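Heads up, the next two complexes both have chain A, just with different partners, chain B and then chain C.
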Partner chain A sequence: MKRILAIAWLTCRESVRSGTAVSLLCLALAAVGWLALTLQGDGTLAGQAEVFLRYASGAAISILGLASLWLGAGRIASEVDDRTIQTIVVKPVRTAEIWIGKWLGLVLVNAALLAAVGCVVVAGVAWILHRSGSRAQQERDDAIRRVMVCRTPLAPLPGAAGEPGECETREGDGSHDGDTHRSARIAREVVPPGGSRTWTFNLPGGSSGGLWLQFAFDYGSAERLPMQGTWSLTRPGSTNALWAQAVSGLSAGRHRVEIRQAGKLSGILTLTFTSARAQDTGVIVFRPGSSATILLGDSGMPAQLLRAMLIALFKLSVLAAAGLSCSALFTTPVATFAATSLAVATLCLQYFLSIPEGAATPHSCSTHGDQDDATKAAWYQAAADSVTRAGATVLKPAYSLDGIGPVSDGLTVPWALVGRAALVLLGGYALVLAALGIVALRRREMAGP
Partner chain B sequence: MEHGRQDAEVADKGERNACLVLLAAATLFLVIAGCLNVVCYRDRTGRMRKIDNLDHAPPPVVFTSVVLGGFRGILSDILWLRASYLQDSGEYVELVQLADWVTRLEPESPETWSFHSWNMAYNVSVYMPDDETRWRWVQSGIRLLRDEGLRFTPSEPDLYAQLAWLYNHKIAGFTDTANGHYKQRVAAEMEGLFPGGRPPFHDPAAMERARQAAKLDPVRVREAEHKFGQMDWRAPETHAAYWAYLGTLASRGRGTMLCRRILYQALASSFFRGALAPDPGGLCDVRLTRRAMEVPALEAFLNVMHEVPQAGMDESVSNFVHDAILVHNAFGDEARASELLGLLRERYPAGNLDASVPEYCAREPGFAAMHAHGAEPLALVEGYLDRHWRAVARRDAVAADAAWGVAVNVWATFEKKTNPAVRKRFNVPPFDRFARAVFDRAIASISPEARGLLERDWAARMGEKGPR
Partner chain C sequence: MAEQNMQTNDRRETAIEVSGLVKVFSDFWHRPKVRAVDGIAFRVPAGGSVFGLLGPNGSGKSTTIKILLGLLMPTAGTVTVLGRHPRSVEAKRSIGYLPEESYLYRYLTPRETLDFYGRLFGLDPAARRDRTGELLEMVGLSHAADRPVGEFSKGMARRVGLAQALVNNPSLVILDEPTSGLDPIACRNVKDLILALAGHGKTVLLSSHLLADVEDVCTELVILHSGRIRAAGLTRDLLVRPDRTRLTIPSVPPDVLKGLLADLRAASGSDPQVDHPSLNLEQFFLDVVREASRDETAPSGASLAGKPAGFLLK
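So, the complex of A and B:
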């Protein structure tokens, strides 16, 4: 362990001495500063702060990610090229210890840089929210309450109406089973004019941070007409509303309403939405998977950003591991190219996976066209599908691990997610890359003439 | 041996000649390529769009334009895809920012500015829950074009046309249910810059403030006023006319037909509702006619018709002239109405045009009911109310009663033909508020002695709750 720490320390020291760490810090802080001065959001103070939080963190992490990849790719290969690695390999140090030590050094440098960036981002958000300007005090207070507090979503209890996730929808197979599920989905997501929909929640007592209701309407048949209705909270079996709020003029998209009497509410509660639309103005459609949630406001944004930064650090660690493993396999330029290509391919795959299924399906070839072309197109399509499926199987667990998105949306990042990120990213990807890198390094000729 | 040396010399000479030929050919091809390159370069330069003002562009735009080079397009596509994805998901917070970045990455493309401006002002704004939030999005669309797009591509008439259309259709028009709120916000903003809706040409500092805030160039404002007459700059139609006019001047007049069409539409709208009624208590939302706009509107119509003679244009012009005759007649300006009737006879000879102005107007009793939107019937009511109070001022009770009767009748017909929701969308005020606005305008232009007469008439008529 001492040997690993010694190599890690050397790597850190070299990063500082060579000016790499300072340059990266300056670059990341310059990006954050530039965004703080230029971002405008949607014209509201809260929107500006949210957009800054998302983009400033994202920009800094992107810069550090790219730097991790390139630093890792240049680390071992360049030391082999200029033979400085011989000063280490002649010592009683195992190959694995060299690899791990260098990786740990890069991780520590990244951790320090991320900590600095995190502090500057929080300071930037506070500056945006508090700087003098033409904003009204009320808007400022609302923005602070919206951005500086993170809320924990409370999932509805399984009930008669059910919730997505408990009942996976299967469609398009034409079977009776598919029809049943489609009917269940319609019953779950569609509210007819004058109709209602209920959810059951178990609210913990003693929450002092306030309660919010978050709901999302989908684009329905009458999408341009404003949605209107009433939300209410009642005890099961009772008709007396503990809280009620009429909403009107809302459009498709996500909305958030503060539940004012939060202190009085705890235990099992039924949330009901009753549509106030007239018969001829169409149904109201809730967005699948995120129809309604109660949010408990219980944590400050900086603490949640710290957790998000931890997840980001794990991702940077994987990038550093990828760079180092490429560096153990190839010479510096090839390793840099290979690592960058790997990162680009991963990002492209993430984009392809984000496209809803069926949206990118090419039109079937015309019957008048060349049969060979059709066969070739089908073959290419099948090959692309196979590659995408294989990539998705390998990388999908990593794509779902996002901390910055929830924090900028005002949601908490649970420790469970941080733990899962550590397990998947460090225990999974980084470990595999480490094994690959160590094997490659062991086989590499390092004492050439 | 000697023989061998001669052979070698011949071979060397042959090689040298071949080299010379090849060299000459290479030089020839190089010259041809050079000449072709000049042609290609000229062709490419003609096809490529350039930012007009890169020298004065802000550092981020210069940086992205120069450093990113061809990769700007890829980055722009990625941001555009994200914007589309977020919009489809109903997440709008980032859209203004993304639109700003996409357009700055491709500042030379007018389509990009147009698309994002239109998207925010039309597609996104309608999903907003309240009028003020809607206005914010419409304003974002306007600002993107007016403050940024035209800064980089000031010679693109399409961008002027797009901006003028936003003012003329989105704000001055009635398609958006929040159009009344937009009109009020534009009026409030302009009241701060041009008090009373008139440009303070004597105050360069105020004109400079207007240039900074609303991008109204003092020279062009003066030019527009000189060309079209005095306009109320609190009315969105005026801004539509101003930007369309600037569009007609852009690109040395090429490709400006759309701007010229919007120009005559905006001037015609100004004729019917281009003035805000005076209101000492604040900004009044009652819109009155600006009859002086009829001349430049007609001129703009005829200019376009002269260049693009189309059947549809003929109908537009004759409709406008027809409506203008009715409005001038309502105000009692028979001379101008008669001139316009003469123009109709000359250009569009058809039946029923041989009559006198009163006869011609009397044949159109259903004017108020024929028009779906509120401006023209209100202009007619305004005319008869104005005529009524001028008759009161000159103590002509018969004429006053007759004019009042027609005004009330047209108003009643209009109310009968439209439902309250439609009237709300068209910002039609209650009769007493509308009549008061016309009364205030009339009383401001008569002698002090006659004011008492008008006050008594108002008390007598509206004290009995008017026509209701």
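So, the complex of A and C:
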């Protein structure tokens, strides 16, 4: 362990004294500052702060991610090239200790940079929310309560058919059923003029802090008319509303409404949205999976951002490991090229994964030629699909681990997610990359003729 | 059991054993390109010997040393260092290595450099601090201990390289071109250090193409050329001329000298050579510089080096 820490210390010190860490910090902070001054969001103060939180953190992490990859790619290979590694290899140090020490050094540098970026992002959010301007004090207070506090989402109770939310959609004169499972699910999210949609929640007792309703919808008709209707909370079987809030003029997207009521709410509750639109004047479609959620509990945004930054640090650690393993395998230019290619391939795969199923299938090649050409084209397409699918399968767990998104949406990042990220990213990806890098380093000659 | 003990004893008595060593460098496609070492075999005894690898540039000296240190893998043959595989961590605990160039981390100071390498050997902080101070004193860099190595001249960096090779008090010291880039005073100091280390039971293997260095310090040597051993043996055996005798006497009057020469001519059958012994240039230079350095107050580069660090001579 002493040797690993010594090599990590060396890596940190080199990064600082060579100016690499400072340059990266300046670049990341410049990106954060530029976004703080230019991002406008959806026009509201809270929207601007949320958009800044998301994009400033994302931009800084992207810069640090690329830097981690490149720094890792140059670390061992350049030391082999300039032969400084010879003085370490001849000491009683195991190959694994060299790799882990270098990796740990990069992780520590990243941790320091992320901490600095996190502080500046929080300061930037506070500056956006508190700066003097034409905003009303009420809007500012609301924005502060919305952005600077994160809440735990409470999902609706599952329906009898195993759907994510129990729901019932009525169309004035009868129920609406789809032909397939998917279309039925989407159909349940459709609220026609005059219709309604319900969800059932089980609110735990004793939760402190306020309650918020978060919902997301899209326009369901070409008129693109804003949402107009009433949200209400009732006990099952009762018609007395414990809370009701009329909404109007809301454009498509995600919205949040504070549930202000006299007493504390707990137990089984039914949430209902009733459209106030007249017949044939605008259908809205709630977004499946995030149609309506109740947010409860209060937790400071900076604390949640810290958890999100931990997940980001794990991701940067994987990138540093990928760079280092490339560095253990190849010479500096080849390692840098390989690491960059890896990053591009990863981003492409992430893009493919973000496309809804069915839409991502590449266009079939033309079959105007003879049968052989068609067969070859089909074979190439199948091979490309297999590679894409394999890559997606390998990388999908990493893509699903995101901390910044929830925090910028005002949601908490549970420790369970941080733990899962540590397990998947460090215990999975980084470990595999470490094994690859250590084996490559062990087989590599550290000197030339 | 007895046989095993004998083998262990043999290993202890042999610091390095090389047998049938071949190293072929290949290109990217694994096609053989250069045969740098071609079937060499030698043995370096442990305990106070100074073994020299001598040869012109490109003769395979550095390649052999890199194989001994596990930096390169042999194409064929066997190598044991302190009775173990060259890549063994246990063997490396007792080895100090000075590479042919000073491959140091340019952003570290000499003090940090020595501390870092001390940590790799698992030395405790107090030992690291003491040894760092002694080694910096020994190589004459105490006054520049907190300047980054990247700012140093080649000779100063070389001194740091030498200090880092000794931080673990090694029983086997491998020095690749140890006097390269050093001024005559530092060269002399390095040679004195090598002799002092050998005098305290440490084994020194050095490679050089500077004949005077090897002649001054090596007890045994091999001469390499084109990757093969061309001559090997004890230095005194290789250099001695048994058919010649040298006689050195205090100055005598010319008539006495004439009589002596006549007797020697009659006994040997040939004319004896007569001259006055002189100092060599190295010794003369050292005397002049030592005299001049008495007035020196604050050197900007490396100062005259001190005595070998005390922990090396225990």
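FYI, the second predicted complex is superposed on the first by the 361 of 449 C-alpha atoms of A that agree within 3 Å, B and C clash if a C-alpha of one lies under 4 Å from a C-alpha of the other, contacts with A are read in each partner's own complex, and residues count from 1 in each chain.
Here is the rule we go by: a contact is a pair of C-beta atoms (placed from the backbone, for glycine too) under 8 Å apart; a residue touches a chain by one contact, two chains touch by 3 or more.
This is a predicted model, so every value here is computed, not measured.
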Q) Taking the superposition as given, does A:6 touch the first partner, chain B, the second, chain C, both, or neither? A) second
Q. In the superposed arrangement, does A:91 touch chain B (first), chain C (second), both or neither?
A. second
(Q) Touch test for A:50: chain B only (first), chain C only (second), both, or neither? (A) first
Q) After lining up the shared chain so the two structures overlap, which partner does A:252 touch, if you call chain B first and chain C second: first, second, both or neither? A) first
Q) Which chain A residues lie in the overlap of the chain B contact set and the chain C contact set? A) none
**Q.** Of all residues in chain A, those that touch chain B in their complex
**A.** 38-44, 47, 50-51, 54-55, 216-219, 224, 226, 248-254, 287, 351, 354
(Q) Which stretch or stretches of chain C touch chain A in the complex? (A) 25, 34, 36, 63, 66, 69-73, 89-90, 92-93, 95, 97, 99, 101, 103-105, 107-108, 112, 116-117, 119-122, 148, 164, 168
Q | Interface residues, chain A side, partner chain C - complex | A | 2-3, 5-7, 9-10, 13-14, 17-18, 82-84, 86-94, 445-449
Q | Residues of chain B that touch chain A when the two form their complex | A | 60, 81, 85, 89-97, 100, 126-130, 136, 139-140
